[in-house]
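Presented below are the structures under discussion, each in the form of structure tokens.
You will see two complexes here that share subunit A, one where it goes with subunit B and one where it goes with subunit C.
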Partner chain A sequence: MITLTPKRIFDVPIQAACISVDVFTGKSVEEIKNLLITEGKETITLGDAFNVIEDSTIEMPTVVLTGDFSKVKRVGQGMKTGEIIINGDAGMHTGEKLAGGKIVINGNSGGWTGCEMKKGLIEIHGNSGDYTASTYRGTSTGMKGGLIIIDGDVGTNVGCYLQGGTIKIKGSAGRYLGYHMSDGTIYVEKDCASRAGAFMIGGKIIVNGVMELMMPTFTIDGIKPKVKIDANQNAQGPFYVFLGDLAEHGTGKIFVLKATNSALATYEKFL
Partner chain B sequence: MGKIIKSVVCPICGCLCDDLEITVENNEIVKMKNGCAVCEAKMVHGYKSEERILEPHIRKNGKLVPVSMDEAICKAAQILTDAKYPLLFGWTSSSSETQHVGVELAEELGGALDNCCSVCHGPSVMAIQEIGIPTATLGQIRHRADLIVYWACDPWSSHPRHVERYTAFTEGRFEKSEFKGYVQKLKAQASQKKVALTMRRTQVRYQQADSQAATVEAPPQSLIRAGRKMVVFDVRKTMTADVADYFVKVEPNKDYEIFGAMRCLALDQELDVDVVGGVPVEYLREIVNVMVNAEFGAIFFGLGLTQSVGRFRNVEIAIALTRDLNRKTKFVVSPMRGHFNVTGANTVFAWQTGYPFALDFSQGYPQYNPGEFTANDLLRRGDNDATLVISADPGAHFPKSSVKNMLKHPLITINPDWNAISRLGDVVFPAQWCGIEQAGTAYRMDSIAISLKKVVEAPKGVPTDEEIIRQILEKVRVIKAQKTEKVEKLDDFGNKNIAGGN
Partner chain C sequence: MTEILIKNGFVFDPTNKIDGQKMDIAIKDGRIVKKVNECNAQIIDASGLTVMAGGVDLHSHIAGSEVNLGRMLRPDDHVKDAVRKTALTRSGTGYSIPSTYVTGYRYSKMGYTSVMNPSMAAMKAKHAHEELNDIPLIDKASFTLLGDWWFALENIAKDDLDECARHIAWMIRATRSYAIKIVNPGGLESWGFGRNVHSLDDQVPNFGLTPRDIIKGLAKVNTMLNMPHTIHLHTNNLGIPGNYKTTIETMQALESFYKGDKPVGHITHIQFSSFAGDNWAHFKSGAAEIANYLNAHNHMTIDIGQVTFADTTTMTADGPFEFSLYELGGHNKWVNSDVETEASGGIIPFEFKRKNAVNAIQWSIGLELSLMVKDPWKVFMTTDHPNGGPFYHYPRVFAWLYSRKAREATLKNCNKKAQKKSLLPTLDREYTLYELAIITRAGTAKALGLKDKGHLGIGAEADVAIYDINPETTDIAQNYKPVRRAFGNAIYTIKDGEIVVKDKEIVAVRPGRTIWLDVQTKEPCRIDDELKSKFKKYWTIEFDNYPVTDHYIKVPEKIGIKASV
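Up next, the complex of A and B:
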């Protein structure tokens, strides 16, 4: 196990894509300390910014980051195996393009966490920023697989261009949840802000709390007693089932809990 | 008798009207013809302001002290080179030539580079990157458009000559001006007012439509007629709405839902709801019919879309509606850009680096991510450690938290007059007014390059902002070369006490 702790409070952002199990594997502590990162425009070594300690008695988790990492970007980028635990806040782009392994964040996470992720697991025991599990600007390939579990709330545009995988949000979700998604599942245990599922053409969004406003481009399809989230979990209904986005000729489904959404009862006349 | 200069370009808003006639007497603009009130305020009065910065200043012991240009350039270059992550912000009221040098400086410094569009039409640019844009030049719209839709903007106040030069009130080759109709409408309204006044005098109780509380009225018959029509969507009845054939009052922050509903209607889909964003679906259906039956329609959108809830997604869906309408007729969409060269900033940054704004050079190559590298987000998080502001005033327009973080670190400003941010600066440079004292290139809101003219001489000793940026860039290169020399010498002798360079 390798433990990293910040040597000082960082003023400017640090880009450290090299903090990844794949990169650390097979390297001695000295070699890890000499890995290059940038602090603002300046190129420094990992050892300049962090204390690196190895404990060869423990094998898993492979890398533990302790302290405030909110200004450290791109931790675990493109990682394929192993486990990173962050005991503190994580910065932007954590677990971006994750292709396997596991990242646990015992704190809040910045924007673009798990962006364009393909496989693996990200657990966030706190809130997560905007664009979690989404895309890079201008591209249309979002998260393709894997699982993201968020204990707290999430920002806007979460799961946009989602193409597969599951996002479980135990708090509330911001606007444009599952924007333009074509596959995959998003489960929101609490409330969901407006414009969820806009432009969606496939996949499903399950809202267990209050839906702020249903997009007018969705049509009611029925009422369902129970919905499957993934192989291990079902959501207990009954749920209103909405189909859309009609403007995109989409066949995406939004399941909204009937008990908490009396405002949507007006749709029942179309059933 | 002063000298008359014709075809002067107005350096205020994105319209860049190029038909001004300026009279210059004793190196002063005394008269201006053809321009709007906003133009007159700057070109005839504003630029002569007593608040003009005439020499460089440096803050010493908390007070701004006048210094020589060389000293200010050295100080600024030193601040920027010492900083780990400087932010260069502004650029939209400078010429494209200045912006070009600015990109070079940002690359040399490895800092963040952003322009004012991140707080105005940056979301439009992001939406265009997501979905593309079917658009046309203002000339095309002027000659051909028979349906003009102004969405969440008020050109009558912000771009006063837009309606007159490019849309409803202009005499196009194929479409005639609607100005006469408007005058008739005004006369009719005046007589209606007289009747109302008489009724009030005779104490007859009557129901007056309150513009604030009024629900949306049904589309008028005049929308079906041939000729130019103008429809305004906004959250309140603006001056542009008074001029328009039809005004739709939208609930605040509900534009996205209305666009969505209109897209469905344009694609002949049925909706489950009766009212969207305060507008009955029936009326939306009629508006969409008018849009589909138009021969050439144009949607202009403003900051009401880009800076309200949803931001670039609002623009995206506006473009999506235009795309859907293009299956049935010809429709274009265009942003109402604000500052006169904000489009230029986007264009120049894009052809230099590949990205229009929100740039970062810390890795040695340009990175782009609005939300991560946009000025306000950087400042709010306190990520940068020095700021250069050029031809902009974030001191007056940014949130308190951003400005507070900005002032924790050194601040360099380049502005013609003592605005809020100049007064807060640590190094303050004077600059010429671009388009009045300095010639250059600017891009109109439809990305057409137009040459700005120099009409008067600048006060003595006041350089152009391009010269200042170029000098800072040269000085930065010198300081960096000295630093490298130092490092090389350290390598040679291995002794930290030997310092190289001067």
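Up next, the complex of A and C:
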């Protein structure tokens, strides 16, 4: 087990895609300290910015980051195996393009966490920023698989261009949830801000709290007593089922809990 | 200025009928000369290497408003191709739409020294020139979109071609351009009203004109102005199955202008205009019909607009075509616009896939045309960068042309339906290095009327490319891969007598020139109050701010032309 702690408070962002179990495996502490990262425009070594301590009693392929990592970007980028535990806040792009393994964040996480991820698990025991589980700007290939669990709230554009996998949000979601999604599942336990599912052509969004606005390009399709989130979990309804985004000839589904959304009762007359 | 002597290379210079002979090329003061003093000259030992003139690309969208909009539309394109700076070169990005500096570097590394920017809306000319200024190492020229320009249409409708010619001459000067570009004549004007034209004889709204009138009118004007290049034509119905008939009709419409000396029209990226079949399901190649026509007639030249199977960005002034492409392509991001009284524009990211039947047939059409048109002086190599694929994929296209084996290797991975429909298995022709030099430099320079480019004769500009290809010891058709690599990475590129690429790396950066025509008409263009009041009424730009002024161009090369009107 390798533990990293920041040596100082960082003023400018650090790009540290090398903080990853895949990269650390098979390297001595000295070699790890010599890995190159950038702080702003300067290239420095990992050892310049962090204390690197090895605990050889634990053989687990685990990297523990303790302290404030909110300025450290791209931790665990493209990681295939192993586990990263961040005891503190995580920066932007954490777990970007994750292809396996597990990242646990015991704090808040920045924007683009888990963006374009393919496989694996990210647990965020705090809030997560904008564009969580989404795509690089302008790209139309988003998260393809895996699971992201967020205990707190999320920002805007979460799960945009989602192509697979599951996102479970235990708090509330910001605007443009599941923007342009084509497959996969997003579950919001609390409220959801407006324009959820804009441009969606497939997949499903489940909202257990108040839906701020149902896009006018969605049509009601029925009422369902319960919905499957993934193999282990169902959401108890009844739910209004909306179909859309019809402006894109989409067949995505938005499930909105009937009990918390009395404003949507007007749709029932179309059934 | 330094003197350079390139010794013992295999020289391919079709303009001067030199086919791989071992000879020396001497350079002094930026020109090819008969001989230099060996003691003073820098000697380049080119033994075992191929020496050609610097490449001349006659159709590549490298600058202008549509290119820049494409860059803004596609951050996803940049992220996969970031270029670091070096001590000499600047950083940049770009996969399908490289940034300005990277464009210059990559062209230079391929041994290209002159590139034509074929689509410039007059209103956006200042922007285009500012971008061209930033493209180093290559000479550039732009073609102004004039096929739907109101004053041209009005004068053609009035049958006053003299006045039309004077207006065009004024426009060529005002936009600092080199040729007349016609895109989907009549279609762009119709697009302002949400419509398009579907044949040469459809009416253009409000003008009482047909596309045929516009093409014939401007072809006439082109000869009246003694332009070095012909009209540069993007046909009607581009990208629609069955459009090869329109293309042949267009060529037939120009037959009567041919005087027996030089071509009167150039159809660009003809691959996109050579589709047969009634609809996308019955889509097939119309290459044979087009090639037969071209083999029987001498008044046209074409470039192929080859598809290279890349995730690229399509961009054209043909707004209605881009809109139909958007409707085909599903849920993609897009830009579409009407450029006031002059043109329109559209941009859509598009991935050409081997496994897609239509895309694979399109790939096949480009190659079929290049192989079936017998005279290489009529058919030129382009990818219509970035529409068919980025320009630095040219070596792949060369390989498909000079090696049957390379074609077969790609065809094998293509869609099965497309494989059955492709005519490629029946075509045995393989391009020689001599023919490759024609379709990439000698022929294009000749078609453009650039007398000092594209060859290595005495007095020519000292633009030279040296490739690591030994035609004596290698069978290029069999060993296509190393030759392809060699074409992508020139050992030396010499621009105006200065070595800019050495051992496949950029060693010097210099600005390239912007070539433009100063067409002198006998009488000046009638710029009266009526014209100015029209500008007030219909343009968002004041007449006085409209022309490109000299300070917009860093290194201009003005070519004076005497018109016959």
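Everything below uses one rule, namely that the second predicted complex is superposed on the first by the 270 of 271 C-alpha atoms of A that agree within 3 Å, B and C clash if a C-alpha of one lies under 4 Å from a C-alpha of the other, contacts with A are read in each partner's own complex, and residues count from 1 in each chain.
In this section, a residue touches a chain if its C-beta (ideal position, glycine included) is under 8 Å from a C-beta of that chain, and two chains touch if they have at least 3 such contacts.
Being a predicted model, the structure only gives us computed values, none of them experimental.
Asks: With subunit A superposed, do subunit B and subunit C clash or fit?
Replies: Aligned through their shared chain, the two binders clash on subunit A.
Asks: Give the label of whichever partner, subunit B or subunit C, reaches more residues of subunit A.
Replies: B
Asks: Looking at the overlay, what does A:Tyr267 touch: subunit B (first), subunit C (second), both, or neither?
Replies: first
Asks: Contact-wise, after the overlay, does A:Ile201 reach subunit B, subunit C, both or neither (first, second, both, neither)?
Replies: Touch status of A:Ile201: second partner only.
Asks: Regarding the shared-chain residue A:Lys168, is it in contact with subunit B (first), subunit C (second), both, or neither?
Replies: Once the two structures are laid over each other on A, A:Lys168 reaches no partner at all.
Asks: Of the two partner chains, subunit B (first) and subunit C (second), which one does A:Lys102 touch, if any: first, second, both, or neither?
Replies: neither
Asks: Identify the partner contact of A:Lys71: answer first if only subunit B is touched, second if only subunit C is, both if each is, neither if none is.
Replies: First partner only.
Asks: Touch check for A:Lys253: first (subunit B), second (subunit C), both, or neither?
Replies: neither
Asks: Which segment, 332-340, 422-430, 512-520 or 548-556, is the subunit C region that clashes with subunit B in the superposed model?
Replies: For subunit C, the clashing option is 332-340.
Asks: On subunit A, what residues does subunit B touch that subunit C touches as well?
Replies: 136-138, 199
Asks: Which positions of subunit B touch subunit A when the two form their complex?
Replies: Subunit B residues touching subunit A: 83-85, 109-111, 126, 129-130, 256-257, 260-261, 263-264, 267, 269-273, 276, 309-310, 313, 317, 320, 324, 361-363, 368-372, 382-385.
Asks: Which residues, counting only subunit C, touch subunit A once they are in their complex?
Replies: The contact residues of subunit C facing subunit A are 73-77, 79, 331-333.
Asks: Which residues of subunit A touch subunit C in the complex?
Replies: Within the complex, subunit A touches subunit C at residues 136-140, 180, 199, 201, 248.
Asks: Can you tell me which positions in subunit A touch subunit B when the two form their complex?
Replies: Interface residues on the subunit A side: 11-13, 15, 38-42, 71, 92, 111-112, 130-131, 136-138, 175-176, 179, 194-195, 198-199, 213, 215-220, 245-247, 249, 267, 270.
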